[in-house]
Structures are given as structure tokens and as C-alpha cells.
């Protein structure tokens, strides 16, 4: 059974139909990538899953439970963490406070502390800056913070929106290796990325979105070789 | 101005300024979360004073529906002010549920929140008058226990005098501010509140129940408003249902001066305006009323984000 | 369809002209005072006075056996509200005369309208200069401040002959207090005293430390406060708490028992210029009746606005009786317009023995009051209640 | 009829007057600017008329031009309002949204305290015995009515004009408008001045109408009341302030029979109206109209 | 060919972050010039600098030999530079035709009073503006929906309406910020033809930001690539595509 299942999801912004009857699934233990041009509906899909956006139609199931009408905070509690586009760290609060807020839904004080230390091990740069306000971090550091913060809720499914956005190539590679490590440690990941090649290399399966619909899908390795995908997206 | 005069004005200023500060905090908390100004805050201020009065004195006058009613169970003042302010906080919660939430969930124009909160203010003020009349209610002198009415000391040859009530008000305000500061910066709910103020969407992605935090904010706001009302009421009496209107208006000046939505800003703004009013030269006392608004106007032109506010960045 | 409508309208017009209106029974008298808004603080005192008067005079036979009834229309605190209230009273409620409005500013707005409609108005609390001059149908029972105020200064000098420097404080957003303070200032100058400082405040103010600090700095021997009960009482309280020891004169706005709870023990000793004293003349039967009724109902002495409104109703009642005597007709059998005209004439004739003492209204409608009072506040040991002890 | 006018004439004229004041707030709002300065200009206009009408300095002028003094008062009030609007507007209109609203509230309050203290404005008592243009209150419809009609016509033409489009563009998106060649400052100030001049003229007409003028005429309360008129009426067309001003100013009078509780009900109406009529009365009407025409079209189709 | 636009060492920093760093290039009259680079590379900021919405920190912008830096947006628009926005900034509450007519502002002149009394010249002008607006709407294929509110349009239609609005300025230089965002393949294909068509018809120079690489390669005469606010390269599509720095930055390293 799929961990996450989207069935005929449609989302509108005013009169604009951003998603049109989109269906996809993510299985336990996978990294799944959504690629597509700007405005294709990638972020909208993630925002729909984390219930930030209202649906026009369709169903979302997580772990067999229907979460279509659950509020965002309840979805987090069920085990879905979303690291939004543009990093969206709480700029006025310290790095550590940001991380602790990531564990807002948890009550187990001691294990929260353990996780905090784990994040600092994973992202040593964050430890160095734990008392700084998050707004003063560089772009890459903010991205790390956003991912770390999402992990603090101990999610079963992590939604990552454009983790490489605006980052230098070296940092991008670093982030992707962390994503891999997280996945190997058991977190299922749904990834939205504009750096398509990189994302596909790091994921099991890929969906290609065009104007709110899925135009291609399949194992990443195969799609990477697919002429049509290359042409449509990479312009190769 | 002599040193004594200066100290005198300074003490007067920080005492009234501290009341402005906790009153304005209530305004600014709601603004920081919802980006709207709650025009009913002045009415909640008034209501808080009446609540505490009811709990401590419980004796109603000659007009209104409750005329002549006497409640015999008097609470000690310090308990009453907490319960009274809590009740005012609950009014704040009610306000959010009846006047703000429906607007938000229907996606109405944000400006309509001004009108609906104005409507609530009208209801509250007139309901007070309907119940207990427009007359003046005063707290007995002993609410704070038996103390000398004023404290006097000398600077050089010149005497400096300050009313005991002023000192108590200042102390209570500082105490409340300290607790509030702790609550907001150190506790889980306080951090959640800050997160919601910064970005509601992000906050909800962290599992914060934004709706509940908004309710909590309105409770805090009402609590602080009610407490400010009570403190002013004990010092000066409750001068009828319209008692909070001037504070409501001045509070606007305070929060803009400090920076809309900024918590330390509200405290600083309150102090600055309290002091500025205290230092208005005697000959120009007629213009004291305009000081807060002159500050408001000038700060908006020179530094619209206020003293401690963050600049507004417009996204292109 | 259109023709029918026109016909109906003209018929209506004819009907209203043809059918000259009689005065209703019981005879309606209008009370247009502020029952809402921040002016309600004053208006409520007036409503209470009117209600006591209604019961008292009806119990005593009304207008030669015909009962009258008071019709209340709220003016709110603004000018438009006063006009609306007056229009309602005159046109819908068909009153013979109106007591009101509460504020002088409102009177300047609404009284001319009543005057043009030839409806007599008696102001219960309009003390500004120029009110009776609005027109021949406008009068008042509230003595202008210029006559009341100086008495208190004289009394203070009598008690403290060494007074040299004076501080004058007044509520500048209130018409009454502004003009009263002007009178005080003139009086002080005329008596050769020095005005050391003039401090202004708002009736809505609650904190007076700035003003008090200035007064203390000026080292004065006398402080004169013109304000309303809440602000004036607070000012006195803060003056005393911060160490002012000299005599205090309160203006007419402080002439209400409502200030007792405000300044508590610090009210003690304030000299008040009074247009009304509940206790000055124990032989004044009608005042005794008012005081008794008020005490029975509200457990305290009636404030000045209550007494003045009572007086205004009394003037209407007695003048209506005189109308019946002069025309030898029952009011209820007369045309409304005629009654209003006759009533206005009779109001200005003769004298009235009222809770304010003996008064009369001159041809302009200005009150002539025989006695003004200076009282000194004496607080009871509970510090919540007190008395005005008549000193002159 | 006569009796009806006697009784309700003042109220009807007040409704028109308040509608006009609501409109004075509508023009800046048309250009997206939330200005609550109208009561200040209204007060200024009223004082202008009251001073020209009563001050001894103007006695020779009044005697020589007779009734023409009234239109002169309107003119002077309009010009003074325009000048003050330029002085206040050019710096203040750099502010946006609630900040502008607060700055204009501050302006109104500063002006009020000033008027309370000056001798020429009569201090707290104000100026009374203002000369009358008409005997009965109802007759004042002959000045407020034409002004209302003129403003309706003005708005009708404005909305379809180049200037009106510039206003709307700024309201919808100031940056995009700027990028389309529209100078936002210029048009924002223009809209502000139009509102100010209207409020000033209404003030000048209102001083005789109310017989007296004082510092209680232009207050914060009025600022908020006008805002409520526009929002409850509907801020998207000129009919909004017209309906809102008329209905809300009549409401306390209509509720008069409720006595003590009338203002409580008044407040509840405001709350419910803002929740259930987010587009205002005008919005509800146009929705009704649309559903009616839609129905009739449907009926026609079936027939 | 004549140079129409010249960027000289233009920079902009936002609180320490160099969003645009020392960028210089020329655009020739009549060409379609592409601006590409990853998200956050500074492309939109560069557009905002050119149209005056964001003041430059340093550097100069010359247009037809005239210095534009320091001018407010409406003056720059009046010089003949029209633009669209990445996030679509239509006047949503107004109809399509009103949106276009608003952009006729600088081409018309009637003042407030002449509009109120409706002078003949004003009426003529109004009529002309109306006709012109409909004409442009026809051109972009939206004339049958001209009276509908802009907010009711689909994504692709809104993009087209935005272009129509910019065209109503009768610009010589048109800046398009991600015109293909949110379009599907066939819409994108149509767009390519459309941009060429308006270039020819209006004698335009077009500067466009686009993510969709095939579209850019296909459409543009020359391309500039930005990364981290800096210009990596300028050249024709074939050269740019081969540039290793570009592949590294934009397509992702191997």
C-alpha cells in the first residue's frame, strides 16, 4: 500500500486551475521527485498535501487514512513535514528556536533534545549559529535549517520544496547527500526540484508535471534516458 | 527646568507611560497576528475596570438596569484584578469568535474588521450604560491596602512628590510586562505565538494550531486591556462607559510610534508618549492632548515602521 | 395610479391644515437630554430630576386636575442628535414645550429650530453666554456662570485673608468650564490677586500630574478648579495627594455629590459656588420634597442638574396653570400652537418658588435667581459620602 | 406631506449630507488610499463658513454681497481645503494602507485640539448664531441635493475617464500602474484633494444647517463613522457611500423607538453587516439584480 | 545593428546580498534577447532595475543613448519600455479592455475637467483609446472576452492579457518576465510564434526571462546567462548551450 496517495487532485487559484485531476503515489521508503517548469504546479501539489491550500476536488490519503479535510497542523501531527519553497525560516527567531518549533507537535522532551543534537551533528553549521536569528543565515544555511526543522517533527513523509534554490553547486551537492542519508535512515521523501537532472539522479521515481497535469512518470533512471523527457524539459 | 522638576516629570511620565504600554500591548499583539486594528480594545479596557469594580465593590448606582444592586461577596483587590482581567480576556476571545473569525473565514476585506470591531465597541459601551448607567464609579481608597497617599523626597532643596498609586501602577505594569516577556519569549505557546505572527502558513506547517493561537492572542490582548483599565480605574475612578475611548485613540499613537506589531515597541512607545506628555510645559497644557498625535504624524512621515518596527519591504 | 397618489397627497395636506390640532391628554411635555454618549454622564442626572418632577406634580393635581406626561427623546451627545430629538418632540410627540438639551453647544444648534417652530424651550443646564438670546421662545433655569462664580472667591478671601497668588485650572474642551474659568479669572484680577498659573485639561483626562506639578511649582495660596465631576474630582484628589495644602475653590461643575466618591477624603473643605444647594434653606418645602423623593429612591442628595431639570419641569407646570387661568380654558381644549404661544408668555411672568429658591425668567428668558450659595464640603467618616455645608 | 417634511426633513437632509461625507472618503479610496481625513476638512469648511458668516471683520463684505456670501463661503472652504490637502497629502500619501489611515486620524485630532484653543474658532463653545440660508431645515435639501446630484454626475464621468482609470489602476496595483506610465503620487494626491474639497464644501454648507459650529464636529469618531458608511455601503461604486451614508446615519433615528437599547442594536447591525455583506449594500443589490435578470432570462427561455 | 539598450556595470544589493552584481551587456534593436539562469539568479531583479521599480545600487542604464537610471517607473514607461511580471500583476478587478485602456495613459492627455464636462477632444480621444484597446485585444485573441474581469481569466489568458497591456504602451522595448510559466507544451509553442509576430508587427525589441530552455533556444537571437547575480556569458543559443559554466549552473552538474 502506498504511504501517500493523491487521487484526482484539482486546485484552483481564483479562476486559474493550478492542478487538474492529478494522481500520484509515494511508497514507504522512496524518494519521489516532481519536476516541471515554473508554474507547472509542483509547489501547489505539496501545498495541497500539507493542506495549506483548499482542494477543488480529489482525495488525499496518508497511510490509508483520508486526510482530505484535515487542517494543516493535524497533518503535521500525523507525520507529514513540509519544508516550503523559499526556505521560510522564522527570520526573527534563533536557529535553535526554529528547530524546537519544528518539534512543536511532540511532547517527549528528552528525545526532542536528542534530535536537536542529531540535527547539529547532521548540520554542524547550524550548531555554530544556534543563537543567531535565522534571518542572518546565508541562503544555504537557511535551507539546511528548513530541512532540519522539518525533520524535528520526526516525519514519516518529508515534503521538500526546491531544496537547491539559489544555492551554490557545492552546497547543493551537500544537501542532496543529506537527503539521501535521511532516506536511507528511513524517511520517505517527496521532492520538488528544478535542478531536474540532479534530482532524478537522487530519486527512485519521477513525475513530470506540465500545466497542472502529469505528463510522464516512471523510474528516474529510465526517465533520465527518455528522449521525450529530455526534449520537453531539458531541451537537450 | 530644575533637577527636581525634571525628576518629577520623569516619574509622572513613566507611571502613565507604563499604563499606555500594557494597554497598547494588547493592540499590538492582535495586530502582529492578524494585521488589523481592533477598535473594540478601548471598550475592553473599560469593561475590565467595571469587572474588577464589580468583584471588589459590587455596589451599583442609581441608573441602568442593575441600579441599586449590591453584591456582598467582595474579593480582595489583587484577586479581583486578576479575575476581572481574565474576564476581559474572555471578552476578547468572544470578540474574535463573533466579529473577527467569521470575517476571516468568509474572506472579507480586512478593512471590514475595523467596522465590525467598531460595532462591537458600540455594543459593549452601550450595554455597560444600559446595565449600570453612565455615572462615575470609584474604587475605595483602601484597594491597595492602607498606605500613605503620596511619597515625597527631596532633590537638593526641591521636593519631589509622587502618588503611591502611581508607584503601584508602575510596579504592577512592570510585573505584568516581565511575566508577559517570559511567556512570549520562553514558553512553548509564546514561541508558537511568535511563529504565527511571523508567518501563519509556516507556523501551521510546524503543526501549530493557528486558530487556537489567535484565540490565545485575543485572550492576552483582552487581559492586558482589562488590566490597564482596572489600574487607571483605581487611580482615577471609572468615568462612565466612554472612559476607555481616549485610551483607545492614544493607544493607536503608541503602537505606531513603537512600530506596529512590535512588542518591545509598544512598551517603548508607551513610555515615550507618557514622558512627552509629562514634559509639556505648563503654559502649553492645552496642547497636551495633541502631543501623542503630533508624534504619530511625525513618526509616520519620518520612519513609518516606528521606532522598533521592521521596515516594510514591498515585494515586486 | 399617479393621479391617485397626487390626490391622496393633496387630501393629506388639506387634512393637516384643516384639522387644527388640540393638545393631547395627558398634556405632553418634552425632555430632550443626552441619554446616550459620553454626555449621558450629565443627562442621566437630568432624567432623574425630570422623573421625580413628573410624579411629584402629577400627585399634586397636575395642571389644575389634568395630568401631564413627560416624553423623553435622547439627544445623544451631538448637535444633529439634539435637532432630531427636538423635531421628534415637536412634531411627532406634539409637546407643549421642551426641557433640554444638555450641552450649550447642542442648544445653539437645536434651540433655534424650536424657536422658529414657536415651541418654548427651557434649558436645564445650558450656561453659556448667548443662550436666551437665541430667540424669544428660548429660556433657561441654569444661571450663567458669571453670576455664580465670584461668590466663592469672596468667601475664600474671607476665610484666608492672606491669599496673594492663585492657580486657575479648567477643562478646556467643555464650554461651561471654559467660560466659568474666564469669570473666575476676571474676579481674581478685580480683587487684586495675582494669577500665578493657568492650567488647562480635558474632561476626558484622568491623569493630572502635569498640571498639579505646575501648580505646586508656582507656590500658590488658592487653587480654582473648573471641571466636571470626574475630572474635577480627580484633579482635587491629585492636588491634595501630591501635597497642595491651600484652599480649593470648585466651580459649579463640582457641585454634585458624584464627586464624593471621586476625591473621597480629599473633597473635604472644597469651597463650591452653587446655583443649587440641597440644604441651604430648610424651609423651602418644594426643595424638601425633591430631596426627600431623591433620597428615598437613590439614597443620596440630588445633584444640581437634577434640581435644575426638576425646576424646568416645574416652570412648565406652573406656567401651564397660568395659561388656564388667563384664557379660562382647559389646556386640552386648546389648539397646540396657541398653547405653546401662551405658555411661552406665561413662563416669563411672575416668580417661581423652586428647589433653586425664588427665581423668575425675564423677557429674554434669562433666569434671575435670588440666592446663590457657597458651600463647603464636609466628608463623612466613611470618606465616601459627604455634605455640602452652606456657608453663606 | 408638509408635516412629514417638518418632522423628517432634517433627518433626510442629514442623510444626504452624510452620504456626501462618505463620498469624500470614497474618492481617495478609488485610488486605493485609505484616508480618514475627511472630518478635518469638514471641520475646516464649517469654521470657514461660520467665521465668514459671523465675524465682524466680514460684516462689510456680508452687507455688500448679501446672500452671495453663502456661495462665497463654499468657494473659500473648497479652496482652503484644497490647499491644506496638498500640504498634508503630499507627505502623507507616501504611506500605505493602515499607516495612511492612522496619519490622517492624527491630522484630524491635531486640527481638533487646535480649533479648541484658538480664539477665532470660539474655543470650546465654538461659533453660534450662524446666519441662515433657509428658514426650515428641510429646505437645505436645495443645496445638499444639487451637490449630491453634481457629485453623482462627477463620479459617473470620472469613472469612465482617463483620470478615473488611473485611480482604479493604482487601487488595483500601484506598482503595475507605475510601470504602465501612471504617476501614482500625482493621482493619489489628486484623489485626496477631491475628497478634501468635497468635505470642505459640505462643512461650509453644514454650519448654517446646524446653526452652530464647534470643535466637536471633526473628530476621530466621525472618521470611523465615514469609513463604516463606505464599507457597509460598498467601496466599489459611488452608490456604496451614497447608500451607506444614508442608511447608517438614519439607523439610530429609525431605532429611536427602542429607547435605551438602540445603540446596542446599531452596533450589532454594524457587526452583522460587515460579516454578511462583505461587498456592502451595493454589492448585495448588484447581486440581487444579477440573479433577477438571470432568472428572467431563464424564464424567457422557457417561454 | 543599432544598440537600443545598454547596461553598464549594474549592481544591486539587498542588505549584503548581491542580487545583481556588476552586470553589463547591450541589446540591439529588433532582437529577441533571452535572459536565463536558475531561480534566484537575479533575473527579475535586473528587470526591476531596468524599469525603475528597484533603484540601482550602482551602474548605469542607457536607452537609445539616454540615461534612465534614477527615473521613476512611470517616466521609464513613458520612454517606451513596457513589461510584464513574473507573478502576473493585472488589474484583477477590472475588465480586460479596461486593463489595456489604462496603459493608453501616456498616449492620451485629457485632464480631469475636460473629462467631467466631456469636451469634444476628450470624447475623440476616449473613442480612439477604446478602439486601440479592442484592436490589441483582438491581436492577442481575447477580444471576445474583453468585458470580463481579468481575474476570471485562465493562466495563459492572463499572460496574454498582460502582454496586450504592455503593447498598449506602444513600446519600442518589451520586457517579458517568464511569459510561458504555467503553460502546457502546445500553449508554449503558440507563444513562440506570437512573440515573433508582435516583434515584427510592432517593430519591437524583446527582452525575455524564461526557464523553459527549449523555448528560449528556439526563440532568442541572443541569450545572457545569470547565476548568483553575475553574468556568466552572453551569446547565441548554440554557443550558450555548449558553455560548460552554463551547464554546470543551470542544468545541474553531471
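Note that the chains are named A, B, C, D and E in the order they appear, and that numbering of residues resets to 1 at the start of each chain.
Note that in this section a residue touches a chain if its C-beta (ideal position, glycine included) is under 8 Å from a C-beta of that chain, and two chains touch if they have at least 3 such contacts.
Since we're looking at a predicted model, the values are computed, not measured.
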Using the contact definition stated above, find the chains touching both chain B and chain E. A, D
Minimum number of chain-to-chain contact steps, chain A to chain C: 2
Where centres are the averaged C-alpha coordinates, which chain has the largest centre distance to chain E? C
Which pair wins on C-beta contacts, B-D or A-E? B-D
Could you state the distance in Å from the CA-based centre of chain A to that of chain D? 52
Let me have the rounded angstrom distance from the C-alpha centre of chain A over to the C-alpha centre of chain B, please. 43
Please report how many Å separate the Cα centroid of chain C from that of chain D, as a whole number. 35
Using Cα averages as centroids, what's the distance between chain D and chain E in whole Å? 41
List, in ascending order, every residue of chain A touching at least 2 other chains. none
Which positions in chain E touch two or more other chains at once? 53, 85, 92
If you look at chain D, which of its residues touch at least two other chains? 116-117, 175, 260, 263
Inside the complex, what are the residues of chain B that reach chain C? 5, 8-9, 12, 15-16, 61-63, 126, 129, 133-138, 140-141, 149-150, 152, 159, 161-166, 232, 235-237, 239-243, 245-246, 277-278, 280, 282, 285-286, 288-289
Can you name the residues of chain A that touch chain E in the complex? 14-18, 37-40, 139, 162, 165-166, 168-169, 173, 194-198, 210-211, 213, 215, 231-232, 234-235
In the complex, go through chain D and note every residue touching chain E. 154, 157-158, 160-166, 168-169, 172-173, 175-184, 190, 236
Contacting residues of chain E [partner chain A, same complex]: 38-41, 92, 151-155, 158, 178, 180-185, 187, 211-214, 216-217, 228, 241, 248-249, 251-254
In their complex, what parts of chain A are in touch with chain B? 50, 52, 71-73, 76-77, 81-82, 84, 88, 90-93, 97, 100-102, 104-105, 149-150, 153
